[in-house]
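What follows is a pair of complexes built around chain A, which joins chain B in one and chain C in the other.
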Partner chain A sequence: MIHSPIHLLTKRFNKRYFQANFWLQCLFILLLALVLFGPILNLLIWTIAERWYFPHALPTQWGLKYWHQVFNPYSDVSGSLFNSVFIAVLTVIVCLLVSVPAGYALSKQTLPLRVFWMLLFLLPQAFPNLTVYINIARIFYDFGLNGTFLGVIIVHSVHGLMFSIWISVAAFSTTDPMLERASRNLGAGPFYTFFHIVLPQAAPGIIASAIFVFLESLDEFTGTFFVGSPNISTLPLLLYTASMEGNYQIASITALILLVPSVLFMVIITKFMRPDMLSKLGK
Partner chain B sequence: MRRTTSHFLWLIAPAALMVGIFFLYPLCFSLYSAVTLDSGELTLAHLNKAFELYSKDIIFTILIVLICVAILAVLSITIAGIITLSPFRTLSKTLGFLYRLPLFIPFIVTAQMMRTFLAKNGLMNNTFIASGLLTPMETVSFLGWSGIIITFVWKQLAFSTLLIAGAMAALDDSQIRAARNLGASRWRILLQIILPQIAPTIGVAMVLSTVTIMSVLSVPLMIGTGTPTMMTADMAFRINSYGDYHVANALGLVSYSICAVLAWFYLRQNLKEKGAQS
Partner chain C sequence: MAHLHIENLQVGYGNKLILKNINLAVEQGEMIALLGPSGCGKTTLLNALCGFIPVSQGDIFVANRAISKRPAEKRNITMVFQSYALWPHMTVAQNIGYGLKVQKMKHADITTRVTELLKIVKLEGLENDRVTALSGGQRQRVALARALAIRPDVLVLDEPLSNLDAKVRLSVRHEIKALQKQLGFTSLIVTHDQEEALVMADRIAVLNHGTIEQIGTPEDIYHRPKTPFVADFMGADNHLTWPIQNAAITLNINPTITQAEIYFRSENALVSTRPPATNVDVNPSNMGLLIEGPVEQSVFFGNNYQISVRCGTHTIQANHDQHLPEHTPVLLRVPTDALHIFATEAGNSAPQHSLSPLSNQ
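Up next is the complex of A and B:
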């Protein structure tokens, strides 16, 4: 092949263009990283800052004073943490009890009105839910459910239901119907077949949905704000109160407690949840 | 076949009942309360009052939503485009990990982070001062409308990019390769081949983001600076200070209507896809 000068020139130009593109993309990623990590770093600094005011660029006094305050057994934080976990665990149980059978039924393509049911469980995500929470609080008031654990758990369960049902449907859809039929043909009853053949196959997806509901409940603010407060304080409510009182250290430590499980779950689920898989969800 | 599966309906009943009682009933109740007097007569008084008192906030909310959605669309398409089309594998992998970081970070935590980060003595201004871009006296607090937008975009970007990148990954690879072989630039592939095919997904991502922005209470309360504020904060104020459910629900009705136009698109899209499959 003969390299004419013009050929060489375009080649060199292409290479330079290629390199420029590379550095441009590097710059974009760097900026995104700064924007993403900046607020998180700021939060971390606040958790160990004892004194920090304008115009100091960094805290003038560092220390773990507020950590001791937070993990004092008599502090509000440990009580709220207990409430949050208690509510989240019960919410997961309620959601699983309701959504496992529903997910199994909805995974059958022949189910009458299947599209309608799927859309019904999508509905809570298609409306701004603040107004709904306000009215739930009003209705609960008549039944004495305001400020009770039961009320908060119901609100969290309805919120989590959409995720748990849609993920369970996807999980049950991946099970092999032939195994189920074989089990029935060999004389196993419907319950035995479900618990020994179908459920184990769908277990990974159901566990994922349980983790999802747990996190959603742990992080829920608006519903608890209207239905639970002031009797029931969860971590998000405590964070809000501390932040509004200007107690940024306590608010930041509480935020960090909520942040850790969220980021951990994100890293774990990245292994299972690839974008191309996600596009198949709900089919 | 129908006979064998209709008894499965019993399995859905508990879930359907829960959504019916604890979502649909309060939803209908709010609509009813927005347009009736205590005695049960129809009235537009609550809606009028809502517009009279909060028309500024309604416009403010719509503007915030529109700006957020526009920024979100541009950023998530850019990120998803780089991930799908970039010739540099390591870069697109790094980006693929990075953008998902805020996916599960709760709004309330994001709000707290931004409340300190964007403040006058927050890390953002301090970095600008340290790098010599600003002097301490020139710094301004970003809490307010710009802070609300930054917070929503920061948090929602992961979700909308995930959906859009997913749609791009599900596209037929051979089209992109064919276009490349015919000499199309990567920009052209993104704009003329990929975008038209994933337009419905972009729509869905933007609708879901709109609904989220209109539901979150913590961000306007913690980042906003009073007036004008978002409708969610007004509703909470109406309830907590006056116990005025009628006007709060009238505001709710307005926020439904803003979302309804978009939600219709979202549901119709889903219905079309589901209908084609079942």
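Up next is the complex of A and C:
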């Protein structure tokens, strides 16, 4: 190694430069953390605050009283949690029943009016949510679907189909059509081939779409509000009511419960969603 | 009637006609090579046989039964795909046994048959491996075993060696041929490599622009090409359009012709360095074509040198055992029976299909 003065100088400069860089990075990360997790921190504090008044920076009384209240089997939260999960599961089933065959058909480039069908599932998203749901609620009223699970599930499914169809089409598009041919070639009919060859190939994408639909259903508020309430209460509705009543503890705990599956599934999705599939979205 | 019989077959994509009037008869236990350049419709023909694309005219018969209207799964013609098309979510054994499982064969019988096939294609011990973990050559064998498992009426192979590297290719080529002799399956093998076709096939069908130009034994196709295309494709790398102006060239054949397309292989052109014919000790009546000209280029080719000789507007390639400097005057002699001559009618710039081959004997 050469220890020329110039060399030493650049070395020192590099060191200082890196140090400055390091502190700058720390600052940015801190700011980012504050922006991202500040509200969540506030929320976390609320879940264990039994008493917290305005001028105080922190709660005056800490405790788990509201957690006990929430997890009491007869509480509103338990009931809403059950409703939410029940609706979400059924929504996922409905969406899969539609999107798996439809996604497969739409992935074939030869299908007539392919683009039209794809756009059809985007259509409900094109209009303002509120208008769509108010109209749906009015139509459902005529059929006696307001305030029923069926009504809520239909509303959630229409919303979820957008994700599940588009992701399914992408998932089926990435499968190799030669694999299908090879199966037919060895004597398997189209249905046998679909279930034994095509579906296993598309499974990661289908699972990802199911997770998306599940999360969307769990978080859905507007549609449930117009079609389901007051008979059917889900976690987001409960969250809304609790916030409106100023019951921040219940609202915070509910929000936290809603956060758990989202974080969990996002981790799973990053595992299932392959880059090549994302590149086929909308093709 | 032959085991596999293709009659006046026409196949196209949309309005684009790819195969025009294909006629082919494959005997039981015979291996026929479909040889042709890329894009001539070889894969299309196999796809039509397997039922992946509809036939627009003509018919296909297997053991005297017309099958061109049957769906793909009811044809019993299995394919070894160019890309192998193995199922990545299954093990080697599951891939091979798939066709038998579809037939609802008993589990124990499937295992027996799969073991038997693994032995035939020399993949013993790999039954529980994922196909994604295999090498190219091994995938090839799995694809072959999978296609053979259900004892197809006809096996078709789409360029089975094209995805293998040169060394593996030679051994797999040999193995497929040996297996075909041993098991005696009827097969069609697609290739664009003339050497592959010569080595593996009992007969070769040369395909060009969706028609079969010639069908015959490897010797037939190699020595007696019926069209200029076949001569060219089978490696006759020298092409002359007779007559040639401003060149010292003699065509010494019977009967004499006025206009012709002449093809011959560079290895059949004998090079002698000192014209005139003082040191030519071969009976010139054997020699159908004599060309005198200067050397343009001499390139080392390993076991010999490839010499380019100017002849009027043409450049002739010949093989020679030593390097020749540029401008060396040389005499090229081509034996009569190495010449492929296609006479064209006088005064008529005839298209190639009206050319008639001249008998070499």
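We take it that the second predicted complex is superposed on the first by the 241 of 283 C-alpha atoms of A that agree within 3 Å, B and C clash if a C-alpha of one lies under 4 Å from a C-alpha of the other, contacts with A are read in each partner's own complex, and residues count from 1 in each chain.
Operating definition for what follows: a residue touches a chain if its C-beta (ideal position, glycine included) is under 8 Å from a C-beta of that chain, and two chains touch if they have at least 3 such contacts.
For clarity, every value in this text was computed on a predicted model and none was experimentally measured.
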Clash or fit, chain B versus chain C on superposed chain A: fit
For A:Val115, using the defined touch cut-off, is the partner it touches chain B, chain C, both, or neither? Pick first, second, both or neither. first
Contacts for A:Ser183 in the overlay, against chain B (first) and chain C (second): which applies, first, second, both or neither? second
So, does A:Leu90 touch the first partner chain B, the second partner chain C, both, or neither? neither
Examine A:Tyr240 and indicate which partner it touches, taking first as chain B and second as chain C; both and neither are also allowed. first
Looking at chain A, does chain B or chain C touch a larger number of its residues? B
On the A-aligned overlay, A:Ile48 touches which partner chain: chain B = first, chain C = second, or both, or neither? neither
For A:Leu199 in the superposed arrangement: first (chain B), second (chain C), both or neither? neither
Once both structures are aligned on chain A, how many angstrom separate the closest C-alpha atoms of chain B and chain C? 7
Does any part of chain A touch chain B in one structure and chain C in the other, and if so which residues? none
Report the residues of chain B in contact with chain A in the complex, numbered from low to high. 1-2, 4-6, 8-9, 11-12, 14-16, 18-19, 22-27, 29-30, 33, 78-79, 82, 86-88, 91, 94-95, 97-117, 120-124, 126-127, 129-130, 136, 154, 162-163, 165-170, 201, 207-208, 211, 214-218, 221-222, 232, 235-236, 239, 245, 248-249, 251-253, 255-256, 259, 263, 266-267, 270-271, 274-275, 277-278
Considering the complex alone, what residue numbers of chain A touch chain B? 18, 21-22, 25-26, 28-29, 32-33, 35-36, 38-43, 45-46, 52-58, 97-99, 101-102, 104-106, 108-112, 114-115, 117-139, 154-155, 157-158, 161, 165, 215, 218-219, 221-222, 225-226, 236, 239-240, 243-244, 248, 251-252, 255, 258-259, 262-263, 265-266, 270, 274-276, 278-280, 283
Can you list the residues on chain C that touch chain A in the complex? 50-52, 71-74, 76-79, 81, 83, 85-89, 98-99, 102-103, 146-147, 149-150
Give the list of chain A residues in touch with chain C in this complex. 176, 178-179, 181-189, 192, 196-197, 200-201
